[in-house]
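In what follows, chain A forms one complex with chain B and a second complex with chain C.
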Partner chain A sequence: MSLLQEVWQAVKAIGTGMATVHKRVYEEAPTEFYPYVKPDLPPVSVQSLALVENEDGSERCIVCLQCERACPAQVITIERHRNPEGKGFLIDRFDIDLVNCMYCAACVEACPVSSIVTIQDFEMSTYDLQTLKADVDFLHEQARRARQWYSPKFGVEVRTEDGRIEKAPPEMQPGGLAEILKPAEEVDS
Partner chain B sequence: MSQIPIPEDRHFRPRLLGYDPQKSRPWLERTVYSAYVFVFWLIVIGTYAGVPALFGALGWDSGWGFVLMRTLQVVLLFLLSAVIALLLILLLRKYLGKVQERYGPMHYGPAGGIQTVFDALKLLAKEDFVPAAADVLTFRLAPAITFVASFAMFAVIPFASGWVLADTNVGLIYLIAVSTLSAYGVLLGGVSSGNKWALIGALRAGAQMVSYEIPLALVFLTVAVWSGTLSLGGIVDAQLGLWNFLPLALPFVLYVIASLAELKHIPFDFPEAESELIAGYNVEYSGMSFAFFFLAEFVELFLLPALIVVFFFGGWHGPLFGLEPGSLAAGALESLYFTAKTAVWVWIFLWIRATLPRYRDDQLMEFAWKAMIPLALFGLVLAAYLRLIWR
Partner chain C sequence: MSTMSLEPVPGRSDEMIVNMGPQHPATHGVLRVVLGLEGERITRAVPHIGYLHRNHEKIEEARTYPMVIPYTDRMDYVSGTQNELPFVLAVEDMLGIEVPDRAKKIRTMFFELYRLASHLVWMGTAMLDLGAISPFLYTFWDREIILGIVEKTAGARMLPNYYTFGGVRRDVHPDFFKDVADFLDHMERRMVDYEHLVLESPVVHARTIGVGVLSKERAVARGVSGPVLRASGVAYDVRKAFPYDAYPDVEFEIPTSPDGDTYARFWVRFQEMYQSIRILRQLVELTPKTGPYKGKAPARIKPPAGERYRAVENSRGELGVLVVSDGTDKPYRVKHRGAAFSNLQIVPDLFEGAKFSDAIAILASLDPVFGEIDR
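Then we have the complex of A and B:
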């Protein structure tokens, strides 16, 4: 009897396996078509740096040099002069050496106005390293191109349909903000 | 959320070749496969109805004209085997891709449909390298033997009633002889390569194929005993009332298992076990020599399921919708039935290949000698007994 039982178990196992395999045929493949379709990276993914402008196009950076001081790799070089009409400083030079940058985002944490941000543009490979010595125009351009960005201080911001920058909904915020907020809402209601 | 477009000049972007990956278009794949099957069908009709009709109209159907006609038919069958190999390799890659939750080839042609054509062209253009340690004559001969042994099985396969090159009354014995011959090609190819992986693969192939020929031949005998004929056309004709897979259930199961081993197919792919032996007996082959091994494998992947259909599933039988038997339309319809039944069995073989892991070598031999052969003998005796009391 035990031989027949073994045969039956083998047949049953093969049948179960083949049924499982057949189910997989109808499931959609999770393949990413990277060169054709750019993947939607999560906001916490640190791929490159950018310098945000205000909504009206004026400079958001107040040139306080906090990021230059915070940078452990010392890749940020800033030169400034005092604003002749009013208070504060204006940028002469704002360079980030993206080759030697280690993408720790310490500058992002240090920034008091959330001007320098991390973005999700990872297509920075190049034959010429000089193209990765980013100047202020390049950093502004990167920020304009970025669809959404992340700052630990202000959370994730998104660009709306009409071009304004708004705080993203809790589902998009990092650090489980949605899960933290959910019990509070349930208690209120 | 709107995305500012990325400037085109900043980054290299490959061109989109024939397929928009964001759109899932299964109808396109089905169209490609249907086109291949249609070409297959056209070649079958041309081989078995077109060429004889042409030569009959010209009055060349005797003497040297007959030889010329048969030669032309064989050339067309070679074309058919190439189409079979192209289609089956594509189907295998696509099906394994779907099972493993990825896409198969999809960049060349609609839905990757002509990827295998490009592969074949690549193999044609590659250097046919002979290693220094190889025995040149045997090394060159082995792929030819393997392919010819598989290709020669076409001679007795009936695609429809009367659509067969040689409807001999010893068709089964011819099949046993020819299918055993392909083991020689594999064995010689592995031994003459001068490579240890190839040698181990060839030894395994020899042991495995010789062992599994025995239950295969016993199943052939069982079918012959049950049908009362050795001719394949006669076997199909004998199944008019009842297809053989019901009365011959045990030999049928044994045949499926033994043909998996004969095909060197998973779960019995020891001769070319990629993870152990790299590629086994064909590890030193490149270019067209390798292509012939490959062609032989995929022609067999068509022919052994075709034999399942001939032996157990009524061959070309199916509803004819009032068409006159023997006419061209009836023959075309019958060959379509035959192709469809074979396609189902090819799919089941691919399904088995996608599911099962590899067996162990000693278990394989143990299974052949301790289980398959006694069961095949038992099936033979049972079929003979049933035949005596039933018919």
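Then we have the complex of A and C:
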């Protein structure tokens, strides 16, 4: 290749590069302005876990230990005792080590009553990892702050202005109507 | 020779021994290569791996079958669901689980979306290694769209834990097919730019053509697979050789190149991206918009005693898994055959005799991911 040809090649390459870059200048930038603008996450996005209470403040969790058994990272620790008046069990201890949790949502899938759910609150950075060893109060608090949450059994649920818990409309559901109409599966405990 | 360093050869005082990595930015993670340098020429190269070892295979022996799936995700973290598939297929085979046709197609769509995402990351980082910065920004911009589509359905971006025995975990988002079709239109326009910036650039030609030539015989002998093998002229692709999921239903070609040099490996990956777009276009048309997404799977996954090997063609090559079951609900042994791991075996072959700066280009063309190599 002669020198002239090489120079021409180089000029052409720079020209093509510049033209491509120039084209992008007028496109909408994909940059996000976090923390000034919060990202709009899809409702199924797994960012953290929470333990939902019923509207009247009673426990939704029936302490069946399904989530503890399903957890691949084995970070859920539950202790329970029999309810002295009535049926079922009461929580003694419900800890999730959110540091070692890998946010796979296997626990959420296993829960028969959609008590443990995924939420979109991802702002959990901390200087002290011990603060992320969540206990039952921490998980309840996460749920009280959340405006919406997701679990495969109930789909997306929202907390209304006056504190009621409602199933979100079909357009907010991830799998559309299929997600809502799906019959609840049999629970084996 | 000690395993951790190179001993000087007596009488070769002009050879310098240099450590490349493990914190070298061009090693795509934590590869350490001990190089013997004679001026700018590499005389010897010894790669060291294991800096990212997390004991996956042993952990998986202590977990029940459904629990293993999220762990496999964490091997090749650039190509998400592709890692889950061999394990899921192997267990499905052992148990004889039927997968509905629609679930197969959805799985294949995610598989190809992640192939595009992975090749985009490769393109960005490979060009970064060659000194070009803007392709990196553009490819990550496009990859962001793919991850957004995945997140809408699967709930996570890079480690989605989406496949399950018998299908996928949840139905796709109602917008999924429209999103994918829009993205493919966008991607086709982008590919023109990428051709200009990467394949047609004289700088890339000068850095890659004739560099790091891997002969067909050597490639087969070392057991490399995927784009690296196909760039050496061997048309082996698990998707064609042992079809799985919805690949028998779609038309696509296996691009091969006879050259075996670094440019050929770049070129083959580019053509694969076109083929991925083609497969996805067909699947957007073929997949029913509604229908079953999960077949009947037993509540307790307990495969009968025996073993099963299944392989898939992931972005880097043949990713296989050998599952040995002893009849309990935990696998007796899970052995992963990593594509990037096998492809890394040719590093000493290709590095010897190359210039130091070419070594960076050669390594970039192998596209190693250390999560999978070190496991």
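As a convention for this text, the second predicted complex is superposed on the first by the 140 of 189 C-alpha atoms of A that agree within 3 Å, B and C clash if a C-alpha of one lies under 4 Å from a C-alpha of the other, contacts with A are read in each partner's own complex, and residues count from 1 in each chain.
Keep this in mind: a residue touches a chain if its C-beta (ideal position, glycine included) is under 8 Å from a C-beta of that chain, and two chains touch if they have at least 3 such contacts.
Everything quoted here is computed from the prediction, not taken from an experiment.
Peer 1: Could you look at A:Val25 and tell me whether it touches chain B, chain C, both or neither (first, second, both, neither)?
Peer 2: first
Peer 1: Let me test your reading of the model: by the given contact rule, A:Phe33 touches which partner, first (chain B), second (chain C), both or neither?
Peer 2: A:Phe33 contacts chain B only, not chain C.
Peer 1: Output check: A:Arg145 vs chain B and chain C. Expected answer is one of first, second, both, neither. What do you get?
Peer 2: A:Arg145 sits against chain B, while chain C stays out of touch.
Peer 1: Spot which of chain B and chain C makes contact with more residues of chain A, would you?
Peer 2: C
Peer 1: In the overlaid three-chain picture, which partner chain does A:Thr118 touch, first (chain B) or second (chain C), both, or neither?
Peer 2: second
Peer 1: May I ask you to decide whether A:Val99 touches chain B, chain C, both, or neither, giving the answer as first, second, both or neither?
Peer 2: neither
Peer 1: A:Gly17 contacts which: chain B (first), chain C (second), both, neither?
Peer 2: It touches chain B and chain C both.
Peer 1: Shared contact residues on chain A for chain B and chain C?
Peer 2: Correct list for chain A: 17, 21, 24, 30.
Peer 1: List the residues on chain B that touch chain A in their complex, please.
Peer 2: For this pair, the touching residues of chain B are 1-4, 6, 10-11, 13-14, 16, 21-22, 24, 95, 97-103, 351-352, 354-356.
Peer 1: What does chain C use to touch chain A in their complex?
Peer 2: Spelled out, the residues of chain C in touch with chain A are 63, 66-68, 70-71, 73-74, 134, 138, 141, 144, 151-156, 159, 161, 169-174, 193, 196-197, 200-203, 290, 293, 299.
Peer 1: Looking at the complex, which residues from chain A come into contact with chain B?
Peer 2: Where chain A meets chain B, its residues are 14, 17-18, 21-22, 24-25, 27-31, 33, 35-38, 123, 144-145, 147-148, 158-161, 163.
Peer 1: Quick one: in the complex, what on chain A touches chain C?
Peer 2: Those in contact with chain C are residues 9-10, 12-13, 16-17, 20-21, 23-24, 30, 41-42, 44-46, 70-72, 102-106, 109, 118, 150, 152, 171, 174-176, 178-179, 188.
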